[in-house]
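This is the structure, below, for whatever I ask next.
A, B, C and D are the chain letters, set down in written order, and residue numbers restart from 1 in every chain.
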């Protein structure tokens, strides 16, 4: 259960980290949109480990194949789009300790507690590798949204407390600015410090966390459902469903709780184009759960990677004290690779909101 | 759309703020649980305005009636439980300006943008009055969970930056401690400062925000679905669906992003009772989206109330500049009344997680 | 569970037969459609017992109240529409035997087996009274569909084997023709025989069954989802969810299984208006689960009423042999009252199919 | 949309008939159940064309691969189970006429009307090949249900009006009896006549329809949801979602409408084992939408195959009159191959009902 996302644009992922394949099925995609495997591959490559010295050197070529839902001439059919990535070099054998000793702050223990069984190699479904399917689906969502002028962009805003000086809406920030550094932070000065901090963590056999910012520009007013399926509630769920995420803020977030109402309220004005807009955007583009035509702005907190290259005290399956010895390789900071995942989840949320809005209001 | 919450324990609310009635239908509640209207009334009374000088003096007696789903001798039947509160004194007439001038940081504009129509009196569905149904449903969820030893408790942790000195799990905090002050903060010293700050905001015709903490104790290991419906993702959605919420943290949250992995990881040990537990709880009781047997801990950010007693610049429906004059009464701080709503949303999330877990795993 | 119908136009009913109230909540209704309580009342009156000597003389005034979702000037708001009917004269007391002795072919035993508890008075949720909410919701669905030219009509096609001579699409049949006789059969000759047969069953203390036909005219080509949510699959589920229904046919149905493919296939031609249509309609207006622009045609089988005025052998709750003595009043034939219920379920199915189609295809 | 089935045991199929692959993802399967690809293959082989002279000689080896959700030692993990069958010999080219001329009583026209695009080769999603995923999922459902003693069996009951003499519950009928003839009818005399009739249809370039019966034995009392998700309503939807199905009956079905209530009612008695049962089973094992402990019995009507080896009048995409010339090969009767599909859909429905029951009632 719980492997699907979205009510109208519905995404279901499958696959264990080291199983035969990982993939995704997208149901509800509008017909006649152009979709090529190469487009999907481009985003998967951004998610992949081994892109720079900042990320795990594991080799996951992640070659995507479209199995259904696209016509011979590259248009969506309106039928389910299935995509798959074969696992390469999936050696179950070398996971020694992990089989019996619970890795701290990983999901080994909770999967065992829930199911009484778990895919040990590579963390199974709890691995960040599960997000391959999400990123692939995000490309389809972008194909739905791009013709409407919706553009979703995310970047690394903080690493271990080192913060970028970029505004919430990412004004003037381009995708190239973000891709310019391996840490995916468009503020070059902060980026350099972040990279240094991550390298230090690697040398220490330790890890660091941080914050990803995301801005969704061009979202028209009126999307999102009020009450339980508020657009920001759906975004919160989307982001917290990403491995290692511990917090979410929309608009002014936690800092906004320290303002007064007179400071916080966003004043309405008529823009030069005649459209109603607000002079500030502490609402983060959403009021009452519905988009107001301003950019959606949010921040997503990632904890430091749980895998570290140090011996750690833990227990084994029987509850006996044990020591987990470090082995293999690790990602001292997931933030750079999290950027395309955050974008994908925002895209999936918006595509679903768009189709649901269209269902009720036309 | 979007007025239902939960897949197995499904809650649907209805009603406009000043319409004939507000209510809720709960589908999927297990049979043979005791449920009395008086139990529901008790929680509704905690949510109600006019409880103290801190909250709006509006009179909403909110008398609840159970319409279905409960036997003559007070047991749930397994059929839908419908509950309703009649509106009293619903005068649509005195909403003058609001009809044509958009209140800043309210949902007037976005409802109009979405639906092309809106219930003007009292804010319609966007009013906090909609949460009457949620709080009533929360009482039913508590009836499901209490026999399992699950106890959900929330309190005001911050008002305008004034923070309580209470730990995340609320160790030693009782419901009585929380109810001891009108601000629902169990730290008496902080509570006094908070009250003073709220009173000042009232005098200024202004408003303040803050943070509610919530701890769910007694949740067994194994609840929650991995991947998209992670228990913390569902909680995030639940909390962000509450009016005025702008942020959510589980466990270490945003602060945790500044720790290293070696500092952040929760070590497993065997407890005196033989159960596996962790020595710290930065995970907030959830790993990989599944409960680990520790208390679930979270923080929920509320922006300052959008309604203030000051003239504000805005536009009218046609986009013309206008001034919104203050009128009526306002709640200078929603935090005290938000406490039972946060509890209700946590209870609804857990009841659903419990039933879904039972479906798959038995 | 299981008290909701529809994914985009979602209907949830609540209420036990003799409980305080029965009702319905409709979520997802498009905004700005005219809806008046009087429109709803008209259809409820068609469903009500006591309309003629053919139906139970029980008095259920079924006065409907709209609780939410409609503006002061009678337009839908896009928010949940809740409607309620108070029970009148709900005497729980006079259900003696039924409390302990299982009525044959009723749901007393299965509710007990499932829930370990049941609302004894009036059959609880298993009562046909539950359909009050469906019929009320059907009026809302009609408000969605009528502007598109969709018209749903049902009539009694068979009673105890006495068949009407009316074609499947109900060509030339008006609602007035149907309402002209208390048995709601537009073929006057058959109607007279049916009435006689029903009166005889009443005198015998027995009951009879029959078949309702339904035609949905004006449905554009393209509605319905292929694969699991085929339009005819959704209609089948809708109809089988009505109490006492034992069978469903679309188009040629069971009789079509005796034709050859060359006899059965519907030939395409271009109509005078340029639209593609078929010369015959054995497909019942649906091919591959999607409407083809022809009228949807279906038949729904109702078993004879389980309540009869005769002593019947049965067992009590403990499994001991017992005799159930007849008491009270009964409906010797549910067919006439089933007509508005069948129409309502078809309308709900089509409104949902329309909104879902709009979500994906625009 | 519409490519998923089930709420707790959720099955999503994907794939076009002649696309790269067909497959299925099953979410919600309980953990620790044995599942081997060979088990799945066995049922797929029963569904496959080319098993006998009665079915199409097309070669679809349908070799299944399990992509996820099963541990190295063959146990379900509780995570999504994805399975895939690669298309072999998928030549898009030889579909000449079909590209532009609508095949009568096929879904070519309606897919075009809905999506404005369609996978032409092999009928795309509307092909019976889509059911590969259903049959594979049915094997997983059987793994869930078999330990409970639930056994689902289907057989051909009628071909072109030639009826088998087998009772509704299939008493004494084994799977071997059914597999004994290529027509999958356990009554040898009727089977011979059916085979002769099908062979004649083939020689005529024509096709015939028929009826499949299905009995679900060992279903405990209490499964199924009342009101909209009645167990028989879900079964009806399941069966009508199979290509070519035009009708569904449970228990006494259409014939039961000609009985009186006193003839039709099922008397309760205590069985020798102390359990309450009924002396007859006109209810088809379901009362008020909930199983009563008797065998579930149903009949499913299949129209004659739409593909025939005769020239047929039709129109092309532009609405111009055209003749569709026969080409390729056809299945003169789908009934034998429909048997495993009907079983699969019944199994999927029951597995979902079981898990949903467990969610609410434990």
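A few remarks follow.
Just so we're on the same page, a residue touches a chain if its C-beta (ideal position, glycine included) is under 8 Å from a C-beta of that chain, and two chains touch if they have at least 3 such contacts.
Keep in mind that this is a model prediction, so the values were computed, not measured.
The chain with its Cα centre farthest from the Cα centre of subunit A is C.
Chain pairs B-D and C-D differ in how many C-beta pairs are in contact, and the one with more is C-D. Inter-chain spacing, taken between the CA centroids of subunit C and subunit D, is 26 Å.
Centre-to-centre spacing of subunit B and subunit C amounts to 39 Å, using the average Cα coordinate of each chain.
With centres defined as mean CA coordinates, subunit D is found 46 Å away from subunit B. Contact of a single residue of subunit D with at least two other chains is seen at positions 1-4, 8, 13, 28, 31, 78-79, 114-116, 125, 226, 356, 359-361.
Of all residues in subunit B, only 7-8, 28-31, 78-79, 226, 355-356, 358-362 touch subunit D in the complex they form. Across the complex, subunit C is touched by residues 1-5, 13, 102, 104-107, 109-111, 113-116, 125-126, 130, 158, 160-161, 201, 204, 206-211, 221-230, 232-241, 243, 246-254, 256-270, 274-276, 278, 282-284, 286-293, 299, 301-308, 310, 312-315, 319-321, 356-357, 359-361 of subunit D.
By the touch rule above, subunit D contacts subunit A in their complex via residues 1-4, 8, 10, 12-16, 19-23, 25, 27-28, 31-32, 65-69, 71-72, 75, 77-82, 84, 92, 114-119, 124-125.
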